[in-house]
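Each of the two complexes below includes chain A, the first together with chain B, the second together with chain C.
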Partner chain A sequence: MEPMDTPSNDPTDERAARQEWRHAHDRTSDLQAAGNPTDPTMVPPVATADAEPAGTQAAPPAASTATPAAAQPTERIAKSMTEHPAHVPNPSDLVLAIRGLRVAFSGNEILHGVDIDAPRGAVVALVGPSGCGKTTLLRSINRLTELAPTASINGEIQLDGQNVYDRGTDLNLLRRRIGMVFQQPNPFPMTIFDNVAFAMREQAKTRPSRSSLMPAVQDVLQRAGLWDEVKDNLDRNALSLSGGQQQRLCIARTLAANPEVILMDEPCSALDPRSTARIEELIIQLAGSLTVVIVTHNLAQAKRIGDYAAYLLNGDVIEQGLARKVFEDPDQQSTRDFVSGMFG
Partner chain B sequence: MPTRLSDRVGVATAYAAGGVLIIAVTVIMSWLVWQGIGTISWDFLTTGPAPGSLEQGVAGGILPALVGTLIVIIFGMLVAIPLGLGVAIFLTEYRQPSWLAKGTDTAIDLIFGVPSVVFALFGLAIFSQGWLAWLSNPVGDAGMATAQSFFCASLMMALIGLPPVVRSSQAAIIGVPNQQREASYALGKGRLTTIRRIVVPGARPGIATGIVLGIGRIAGDTAIVWILLGGAVLQSPPDGWYLPWNLVDFLRSEGSTLTTYIYFSSPAGEGNSPGPAYGAAFVLMVVILFVNIALIRLSRRKIGKR
Partner chain C sequence: MIAISAFMLIVIGAIAIFVFYTGWPSFSANGLSWFGTGDQPLDVQLGNSFLGDPETGEPSTVLNAWPAILGTLLTTGGALLLSFPFALLGAIFIAELAPKRLAAILDPIVTILAATPSVIYGLFAILVLAPRIERNLIPQEQAEQLSAVVTLTGANVLLGILVLSLMIAPLMIAIFADALRAVPIKWKEGAIALGCDEWRMTRRVSLRAIRPALVAGTTLAMGRAVGEAIALSMATGSIGFVPNPLDGYFFFLEPVRTMASSIVDYSEGFESPELKANLFAFGVILLITTAALTIGAKIASRSAERRLGGGQ
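The block that comes next holds the complex of A and B.
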């Protein structure tokens, strides 16, 4: 996938750096091999995806769901997918491949060798009981976990075939390629405009002017579905927005860095149902052009928006694969208990 | 009203403490205004003390003292603010190596606790070295320096202005939520950018408070002025001192500040003219109040329009 073609003012050297990083160690073949892991506890998407031949315009995974309860949202996904035909994730084209990830804090191991696949352009939902390590897993992908001095991290996380934990990794470039939206909306105490422009500024030597940033800011706010609400108030304090608007602003702010993957940690848990629905719509629209890895406590939400899902328990991946399969016909008894427990 | 006796005693004590403080401040302020305002005139603010003017009943100007106070504040804080902010950032955001952080912590506490006269004395020993004569003026051919100048005084003032800047900024920086830092890192910003664009702006009100406290310390100091500035109250500045090309020469010369002027002209000093003393005290108070309000206002500048 080429970087999003937004009129952002990324200096060309950054674009070049991204290209170089992607192609320097072209390990696509390695990666495809890695897509068929030897770990028997894992259900590789490749194995479960034969119902959806890659590359065809067949109905997307979630669209053929039979459960009546899920009919409404899946229709919406189907609609959005016909509007955005790019959104047909190819399960063997992995943008993220997590391999044997172990994370410990002060010697207390939280993740015990996690393998996760994220096909390009998909929405991957991570579910599991509280404290099982979902946040830790997510924060290890963009290397925020290591901000805690007690953390020790082992294993590989491949982004486009290259391990993000390689020694030469440009941490700041990595974090622009893998954006993150947090559980609590956390816009900066600045104007709406400055929040969005934050990621665009300072890359260049000279500070870009407001008018030169405006087209990119508008584009990003439009993609985050916030433009119409704020276009007359770009110079207002971002903290004066509602919680749902703040969270969409945080998504816009993340999009401004032009990421290939966005990590979302329970982005709707602090929001009311209306705002939640808006964010879900937004995620569905964004998927395809980029990959979304979302942690959620809300299984109905995971079902509505997830193409793929992984169930974590006590730091292990119990089951993963197509969301429909994981939620409706899981292989593992433990997954079945979790899924049915949540639905009563 | 709380019902339990101990609660009521506690509330009464708190009210009483607050009341006493308000009364004390009001009495002092009104006394100063009442005594000082009569002395204030355009002449008082814009002329120097003519010889003999510190006799009782004879009006004398405070211009050199007022300018002196402003100069030690400006040049002292010009050093203290960047240094103090740097130290505060080091102590909060880095703290590595830890022995250096612990040592710095202790040093700040020491500077905060030790009276300025001690530093002034030390400054006299250092600045009187011949190789530092460019800070003041050489004494004869002995390879010594007078060690008394605005430069010498301002440098020592920077030292006593430093601790409040550090401590106040430190507290404010710690108060910036970690979420904000992480959001910035997650957008691909490095540590320095995050500090510059997120942490320091977020800590601005606390930093301003530290600057105000530092200015208060400097403006109120007398020991450093006597020892390192000469406390030359009766001496008028050289002609044309205010011209830019005379600045360096002026800063190498002796001078006075409002505090030394107040002491000198008070009944306790040699001048024995309480009128100008109260007038100068009033001006000092107004200057400090003005700086406080301006800085706090600036630091709490609203984000965006409306």
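The block that comes next holds the complex of A and C.
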């Protein structure tokens, strides 16, 4: 058995592994290149750019121009910056900022003004009891909620400073930038190759040949940790894969659209522990090069993979911040009850 | 259950044996030339098998059925080609694009159209469509030029194709739309979440998922078209003529007589054993064709399901 298959129960191992990986991939320069074109390249994340709102660090002069329209982090997140470990993504560089999000179905309000921050390259875990609105929140980010005709949505969700609910938003482009992995693995009823190539073909102007797609297909399947298992069988029906393989295929399919953010709604709830461990590993590896917002019922999992966490209760964010803080030393009694109930 | 199935099998088997037995003399008398083109027009041959050979007065079983086979092929093939794209678009419209309220109105209309007796379609064709085709599509002078060979009226191959299309399109729409609605929402949302708009989602995911239903629905429609007798008897002009491709545009304005309408058209002459054998021989071909279609469709949709995983 590969070491990758064994879930590590020691969270510090995971952290170390992630830190190592991130160093190897030089996340900082990647992100600088992508998000902050005006910035000098090699600034380490903690000192980067718009740390200003936290008020704890001197902001370099170029900072305010770095991400001009970016939202200010919420107070709680900003506070947590003081105890912000070096390897955790910078809380002031927000790729997603949800502000005052209200969602109602047929007048019945499910989310009552939710504020959530997703720092670039982080894993943000959303936890909370069943029915508190986690799925609704997640689906509002890539605007799937509005597929239900009874839904009414208010508030702002900024992606790189741009409100996704702005009138002129190109929905298809938005959904390519914000990918989604569903609770039930949902590969399309076609071959493995066609599943992965789906988004690429969708985005191509002219129909690309199979051989021209192959390198990219291989790349995302490798990133999703599925390549070795399927490389001889790319023309197999995707539905003949196991549940865990299907979910990794769905992750690969999402990666193929080259998103900046991936939303995951309890991606492991239909999977066995071994498959779950593989997906967790995968999420840890993906973080850094992109941002993951994950809903999970499994607090141990949220703790293992989350950099940040938010606790939702009945449509309100009760507490959010560094995952370690939320899970180990929460400020709110309600969070403490929830967390201790789940762990103890 | 087993008793009912056994009973049904026995009934079907009995019918098949009866049809084969009655039609057999026609095949044995004509051999392979049964399927060929004859020296005499189909209608003359059928008339002779009723009245006897005009010269000798002997009973005649001569039958070269190609004109009727061609009539069935032309009308069925034409109707499938014409109605499939419309049916697919119609199903997509009803199942995916139409607002709920409109779909709720269209749904029963489609069902009613699919269940309408074919004789109604035949009447519609002959009373409403035929005069218009005759007036607008058949230029008088050319019709006169051809009149030595065949009389062109509004009832012809084209009308046969039109009336069959009208009959089978609702059937296909109903089957396709049901299948589209049964495509799991998780696949549709999966495609939308990848940045597909609704139309591309339908094309790339839903149509792929419903391939078995496309095969099954088309086969069912083909079966109905092949076996249609009354409406085509009214709409095709019912003349055992072989349309000449060299006539170009007029090819579709020439009359035919299909196998199934030959049976109804001549059914009054069953007292002649020779005509009866000839007509039942058509029945044998129809029976074999529809059985083959049904089994073929089962196999095709099974294998489509296996390849595309619609079933899992």
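The rule is short, and it goes like this: the second predicted complex is superposed on the first by the 255 of 344 C-alpha atoms of A that agree within 3 Å, B and C clash if a C-alpha of one lies under 4 Å from a C-alpha of the other, contacts with A are read in each partner's own complex, and residues count from 1 in each chain.
FYI, contacts are C-beta pairs under 8 Å (C-beta built on N, C-alpha and C of every residue); 3 or more make two chains touch, one makes a residue touch a chain.
What you are looking at is a predicted structure, and each value in this text was computed from that prediction instead of being measured.
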Fit-or-clash call for chain B and chain C when the two complexes are aligned on chain A: clash
Partner chain(s) touched by A:R175 [first = chain B, second = chain C, both, neither]: both
Touching partner for A:Q184 - first (chain B), second (chain C), both, neither: both
Partner chain in contact with A:F105 - chain B first, chain C second, else both or neither: neither
Contact residues common to both interfaces of chain A (with chain B and with chain C): 142, 144, 147, 171-176, 179-180, 182, 184, 186, 188-190, 198-199, 202, 237-239, 250, 253-254, 257
Residues on chain C engaged by chain A in the complex (per definition of touch): 184, 186-187, 189-197, 200, 204-205, 208-209, 306-310, 312
Residues of chain B defined as touching chain A within the complex: 177, 179-180, 182-190, 193, 197-198, 201-202, 302-306
Contacting residues of chain A [partner chain B, same complex]: 142, 144, 147, 171-176, 179-180, 182, 184, 186, 188-192, 198-199, 202, 235-239, 250, 253-254, 256-257
In the complex, chain A residues that touch chain C: 142, 144, 147, 171-176, 179-180, 182, 184, 186-190, 198-199, 202-203, 237-240, 250, 253-254, 257
